[in-house]
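Both complexes shown next keep subunit A, but they swap its partner, so subunit B is in the first and subunit C is in the second.
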Partner chain A sequence: MLTTLINVLSSGLIMGGVYAIISMGLSMQYGVARILNVSHGEFIMLGAFLCFTLVRSHVHPILSMLLCVPVMFVIGFVLHRTIYKKLSDVSGSTAAFESNSMLVSFGLMFVVQNVALLLWGSEQKGYTFLMRSVKILGSPIALNRLLVLVFAVAISFAFYIFLERSRLGKAIRAVSQDPSAARLLGVRRTRVAAICFGIGAILAGCAGALITMINQINTSMGMNYTIIAIIVVVLGGMGSIPGSLLGGFILGFIGTVVNYIDPSLSLVAYYLIIIVLLLVKPSGLMGGKS
Partner chain B sequence: MQILNGSGVNKAFGGRKAVDNVDFHVDENEILGLIGPNGAGKTTLFNLISGAIKADSGTITYKGRVISGMKPYRICHMGLARTFQKAKNFPDMTVRENVLMGAVFGKKGTDNAAAERKTDEILSFVGLEDFRDKSPGDIALALQKRVEVARALATSPDVLMLDEVMAGLNPTEVGEAMELISKIRGSGVTIIMIEHVMKAIMSLCDRIIVLHHGQKIEEGTPEHISNSKTVIDVYLGE
Partner chain C sequence: MKLINEYKANPKKLILPVLVAALLVLLGLSPNFTKPYATIMLGTIMMYIILSLSWNMFSGATGYVSLATAAFFGVGVYVSAFFGSSLSLPLLMLMGGIFSFVIAFLVGAVTLRLRGVYFTIFTLGIVKLLEQLMLYLEITFNKTRGRFVVSYTFTEVFYWLFILMILVILLSVFIKRTRFGLALKCIAEGEDAAMHIGIGSTMVKILAFAISSFAMGAAGAAMATRWTYIDPYIAFSTNLSFLPVLMVIFGGGRHVFGPLIGAVVFAYIQELLITDFPYVYMLAFGVIMIVSIIFMPNGIVGVIENIVGRIKKAKGGRKNADP
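Presenting the complex of A and B:
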């Protein structure tokens, strides 16, 4: 019984942490850069394969994850500075930009997926890492899972604190709450949006890297995570970072419990949650405004 | 000494001229009033000056530099700040955090400690200390408007543009707002104010510009404006 409980608890924290990380990334890209990034999952896949490739070249998995950070940031930042900024210059209004940018991210999804398919093929890939287990309260838990748990929880909370405390975090919050007021108070809105897109890519990449430490990966893994991230973002309230943090853990725990009962039911459970939520509180858990 | 100057400024929305070939100037440390009936183009002129929207043609210079076409954040860094007619406070931040945003980002190279200090200074200057930890959505309208003013002041402006900060206030609150505006000017800030409250405009302003259908129809001292036949016709025609 205790073993089951600890199993569910640790799995819930792992899944919840990973969901929180990817959802905060998506939420920020939408809330600040106004891009509903449908290719978010592909960045998770990219992070996973980058990490996997590095590990294959004898780089330590944790170091590989850290290396993903600058690489993913540059990819995200440059993507925004080139494609999305252009798009925002030619779109007459925010609403037009939102629909245009979503279409572009759709296109990007296919591009990234196919490039990945060429580079890494379609088979499952993976490596073994820290398979030993330790006993916690008498129940065995694999070290790699414990490590991912710690990282996932730490990254998601560290990111939240970064938003609350740092100067850049303040700019990000200001732009997400009122972009026109923010820029007239001296915030460089376009720059902040590009940085946010880069940070979103970092979070996706780190989540991908964490996933390689405990699971097999393949080049079509992204879509599933995109769907989950969108569900969490709607659950937490569009654009609300604390909402995504909370929503990620809630969905992670529910997913774990449902998985324990019958894995095929998890997506059904997620959609049920969304339907109930949209009926009860359409703005999401923490979506106060708009 | 002119601090701000516009010549031949034009802006049309879908063929309709919102600001029509307007020339204007603002002298250092004066209070300039901007009045005119609804839809006259007053807010649009603020949007053009602050860089929120781009003019179709015309030039705006500030401290001798052309600012038309510059990004809003750069114009703000140069010392031009504004408030919004429809309050645009950050809803998920406290009053203090709202003001802090202006202090942190409004001037280049402000460090955090200086911004925190500045924020507390401004909060007491405008009399908002007691509301610092409240959400701007939970306080009276007069106070919300004050948060807007405080946030703009926190950017350390040389020119402050106030867009109807007295709209919806009761007579006591209007009096308090007038006091605050004099106090701000007293601290060396140049002020441009859009206002429909005539009593306030007439007693505070050194000079007034009247807009109508996007055009400047009159300009002068409060006495001159209150005796102008053109202005009276426009207001009676409303």
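Presenting the complex of A and C:
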């Protein structure tokens, strides 16, 4: 009984941690850059495959995750500077930009996914890393899962503190609260938006790298993570970072419990949650007015 | 009568509709003189025309981007799978359409309060929910993932799709000319303003959503009989949600010809590339989608209209300069 409980608890924490990282990135991209980045999952996949490729050429997994950070940032930053910047010049209003940018990110989803398919093929891939297990309260937990858990929680909280305390974090929050007022106070809005898009890509990449340490990966894994991230963001409230953090862990636990009862129902449960939630409270747990 | 007078006054306006009618007649007769392969391909193209025109009927008109196309298509597919042995093809299509209509009406009634990106997410969620639910039900109660569907010859399917396509084209043109179409346009341009001038915006949206889903369901029912084997992944493939959107964006949604051109172009490119270069095809799909949104806000039709407008202007300018 205790073993099961600890198993469910640790799995919930691991899943929740990964979901939280993914969702904070998506939430920030929407909150600041006004882009519902449907290709977010593809960046997770990209991060996973970058990490996998590095590990294959004998780089340590943790080092490869760190190497993913600058690469992902540059990809995200440049994408925003080119495509989305151009799009915001073309779109007349914020509402038009939101709907156009979502459609563009659908296009991006196909581009990234199929480039990856051309590069890496469609087979399952993976490597073994720290497969030993340690005993916690009498029940065995694999070391790699424990490591992912630590990293997931550490990254989530580091990111949260970055937003709360640093100057750039304050600028980011300012733009998400009131873009025009932020601009009046000297915050360079498009630049901050581009940085946010880059940071979102970093978080996606890190999550992808963490996933490689515990699971097998394949090039079509992105879509499911995108949907999970969107569910978490809706659950926590669009654009609310604490909401995503909380929502990630809630969904992680729900997912683990449902998975424990009947694995084939976990996605159905997620979709039911999102549908009920959108109907009852579209602004989410910690969101303001919608 | 008014319409006839309009055309009498300006006979040039007749050229395009007559040309389209001639093309349609030719298309309708094509199975008699083309190879079976061409008939199959034309059938697929017509399916995409139906899907993109009916998508445009609601989403193009109102600006509510729906990704539920695959959901309603899949409902039609499963109607054929369940009742295929007891009903004829036209009845299956009718029933697929009615099922989709009812589901869309219910879904619309609860979701069309949501605006913008929320609505889009929700519709994508519906596709995935139906897919996963169907998968769960099939595996739990049937012990298999897929089922066989009673099959009809592709010529038969071709003719019924052809009839459906004509109906959808006529409906698209017709709706644009009615008060209903105007109401949809008002909603796109400013929903609050539309409500203030007395448009029951929720009911109009729900009806348009349900009508457009009817055609999607009917198309699904017809296509299922051509595929013979289906499973939830085939029936609710998200590509069927995305492709019509791309086709309309590429062709341009303001005019009926836009989705038509988009559907023909992409269905043909798909036919050429998908077997040998599936990844390249999907890659091109993404790139064209991005480029179209940024550089062609009114699609190919918009570009053509621009060019024609410029030529006319240049001609008019010359006339003025040299009387």
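Here, the second predicted complex is superposed on the first by the 283 of 290 C-alpha atoms of A that agree within 3 Å, B and C clash if a C-alpha of one lies under 4 Å from a C-alpha of the other, contacts with A are read in each partner's own complex, and residues count from 1 in each chain.
The rule is short, and it goes like this: a contact is a pair of C-beta atoms (placed from the backbone, for glycine too) under 8 Å apart; a residue touches a chain by one contact, two chains touch by 3 or more.
Values in this document were obtained by computation on a predicted structure and should not be read as measured data.
Asker: Looking only at contacts as defined up top, I'd like to know whether subunit B or subunit C touches more of subunit A.
Answerer: It is C that touches the greater number of subunit A residues.
Asker: Classify the contacts of A:V134 with the two partner chains as first (subunit B alone), second (subunit C alone), both, or neither.
Answerer: neither
Asker: After the superposition on A, what does A:L5 contact: first (subunit B), second (subunit C), both or neither?
Answerer: The answer is neither, since A:L5 touches no partner chain.
Asker: In the overlay, answer first, second, both or neither for which of subunit B and subunit C A:D178 touches.
Answerer: first
Asker: If you stack the two complexes on chain A, which partner ends up touching A:L108: first (subunit B), second (subunit C), both, or neither?
Answerer: In the superposition, A:L108 touches subunit C alone.
Asker: After superposition on the shared chain, which partner residues are touched by A:V74: those of subunit B (first), subunit C (second), both, or neither?
Answerer: neither
Asker: Between subunit B (first) and subunit C (second), which does A:A158 come into contact with in this model arrangement: first, second, both, or neither?
Answerer: In the superposed model, A:A158 contacts neither subunit B nor subunit C.
Asker: Kindly classify A:V90 by the partners it touches after superposition: subunit B alone (first), subunit C alone (second), both, or neither?
Answerer: In the superposed model, A:V90 contacts subunit C only, not subunit B.
Asker: Same subunit A residues contacting subunit B and subunit C, which ones?
Answerer: none
Asker: State the interface residues of subunit A toward subunit C in the complex, per the touch definition above.
Answerer: Within the complex, subunit A contacts subunit C at residues 30, 36, 83, 86-87, 90, 95, 98-100, 102-104, 106-111, 113-115, 117-118, 223, 227, 230, 234, 264-265, 267-268, 271-272, 274-275, 278-279, 282, 290.
Asker: List the residues on subunit C that touch subunit A in their complex, please.
Answerer: Touching subunit A from subunit C are residues 63, 65, 110-111, 114, 116-118, 120-122, 124-126, 128-129, 132-133, 135-136, 139, 238, 242, 245, 249, 279-280, 282-283, 285-290, 293-294, 297.
Asker: Would you pull the subunit B residues touching subunit A in the complex into a rising list?
Answerer: Touching subunit A from subunit B are residues 50-52, 71-73, 76-77, 81-82, 84, 88-93, 100-102, 104-107, 112, 151-152, 155.
Asker: So in the complex, which bits of subunit A are touching subunit B?
Answerer: These residues of subunit A touch subunit B: 167, 170-171, 173-174, 177-178, 180-189, 288-289.
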